[in-house]
């Protein structure tokens, strides 16, 4: 038995029982569609593989897509709108970073210090998620997405092992030239 | 089975078992009427749709309405009084915000830094809730409110699905003119 | 079923199962007498009605009365002694506050910033509890106190509803003259 | 049923079910011997009665005794060594403190601000535990210690009440001459 | 019954039930291979015995080995890459430290203050783990490692006690010359 802790759309702290590890993402999707979130956004934002960006299921982190009145693609998370930005690959002597897509917003007065990142000048921003490198994980896709592999239903009917399987992850953030 | 974590009116940390997701708001109302709260007030305050303001059920967040000796409408939350303020719509080149109603109080010496907001001069305040934009959600209303839709009792008697349904939410806070 | 989280007299984090909401205060008294506490002291201290001060059951918050070698009445909470102070009513143009009794101590080097309050000069102090205004709640009294109403045992024998009842609370802290 | 939350020797957060309050210290000893800890060290360190110092069971807080290569008695807690210091009684006009034994170490760069205490000059230290005043509690002693009272086994065989009993505690820290 | 709290690779807070203390490391390995972590990295990093470094099972803390494009051995933990460094023994008048292996990375803007350590100049870094001194613990090794002792399967078939056994730990960090 598993138990997942959420913060609801009303800000309440609620734990939901989950039958097994293979049901976990399903429960996250189900409550994430209501705007419930689990855990805090990691400093610098969630990291996902770039190939997951086109059909990423934002419900997994309690967010949803939204098109603003100017027709821009945005993502809403806990009532705040994050703008989509494409970052080109960096290949300098000091830094090597593959291309990425980043969802971020301007910092607010009530954002704690450790989530703020500096941009040009005095401008500060907060990142929700960054998609960069790595290998695509179908389990992160919107269910039924044409890009995702055949669903579980098409697999042989033998009982799946409850034991979760290791999965590829996003490319680690690399810092070249650090002195240690 | 769900489990909701409260801080009681005596400051104790108490978890209450809840039979299913459809009973959650009922349990929040029941204990909220005692002044029990779940989770922390989000930085910048709770965000609700403006159309929920007239009959909002403050028990949902452990608060209650109160009229002060001068006849002003206020809301009490964890022993502190918040004053009701109407904010006009903003429609400038830098910012576009629909009309709102805000409940706030002056900051106290013991308020942590991340909940304080700056007003004119050195004055700082703390927001409990802001009602702005969005689409009304009947489930946030005081039970039996004439403005709310027909209650569940008038629906067909077939067992309701335990699975919660997605719901419209308050309008996201938009920042126009941010450089990313 | 309820579950209450304590910090024991040895600093351990322990959760205790409670049969129902009507047993909660009993469990708090039982473990509070051992010096176990639940939750953190609110910034600015617990707020209780003034009429509860004479026979307040300090075990409810894991504290106990203590008379120091100089014969002064004090309260011990988590190994630290708080001194009793009577505050006169304030009725000025800027502030209106009813009479109160406060239990406080000088700040220690290891007290976090958000619990410290400024007094005259550079002196800082920390408040455990303040009793001010409000309507007396018998359930906060030492069991068997002559001032408390007839105990539950003298009530008719029909099963009490498990649902907790709303209760009067301490007077909210009012800030007159705040500009919002 | 009780549940105690530990941080294991590998830093994992693990909760252990405990049959009743009378089994709690036994479970703390059992896991404490593995270096598991529950809760955080209180600011200024744990407070215990002075008479418990000679045979204190350090396993209760996940620590253990250790003699360093120079033959000094130390205590290891979460991989850090604390040195034993005897403090003489203070009896001045400003401060009255009974004799004590303190276990402390120099502050490290990664210690948070609220656990650091100032010594002479710029030197800062962190206290694990201070033994001062109070009345000895046999339940804190190493099981089988000759100084401890007769063990439970020698008591009459009637079932012990599950309800825990109030116990004497360490002398509170007194601040003389505070202006409130 | 035990319960271990994880943060999943998606940042969710999930608790997993564990049958008994003897199954705990197995569960940590199983979920750690997915990048799930339990608890926070201690300030200054995890401390392990030096002899555990060659075949340490990084899954125990939700990390994994990774060789970067330049052929360097690194460790990935929560999407960040840590570089391996060998530290020579220190034997000066002020400090005595045995040889060690350290895994660390440069500090990022969003790292909280208490995990940052100062290096030369203004450079700051964050340590994931340090292997120094102590006595090797086979239970920390990759299962099936040739350096590990014979596995449990080769032991007599009598039921193992559920009670966990004390185990040797890494050498404590010693500060010579501290004035207390």
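Just so it is clear, A, B, C, D and E label the chains in written order, and each chain counts residues from 1 on its own.
Assume contacts are C-beta pairs under 8 Å (C-beta built on N, C-alpha and C of every residue); 3 or more make two chains touch, one makes a residue touch a chain.
None of these values were measured; they are calculated from a predicted model.
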Any chain touching subunit A and subunit C at once appears in the list B
Chains in contact with subunit D and with subunit E: which ones?
none
Whole-Å distance, subunit B centre to subunit C centre, using C-alpha means?
26
Geometric centre distance via CA averages, subunit D-subunit A, whole Å
43
Which residues of subunit E are in contact with two or more other chains?
3, 15
Per the contact definition, I'd like the list of subunit A residues that touch subunit E in the complex.
1-5, 15, 18, 21, 24-25, 28, 38-44, 46-47, 60-61, 114-118, 163-167, 169-170, 172-175, 178-180
Subunit A residues touching subunit B - in the complex, by the definition given at the top:
3, 7-17, 30-31, 33-35, 66, 68, 74, 76, 78-81, 83, 85, 104-106, 108-112, 119-120, 123, 125
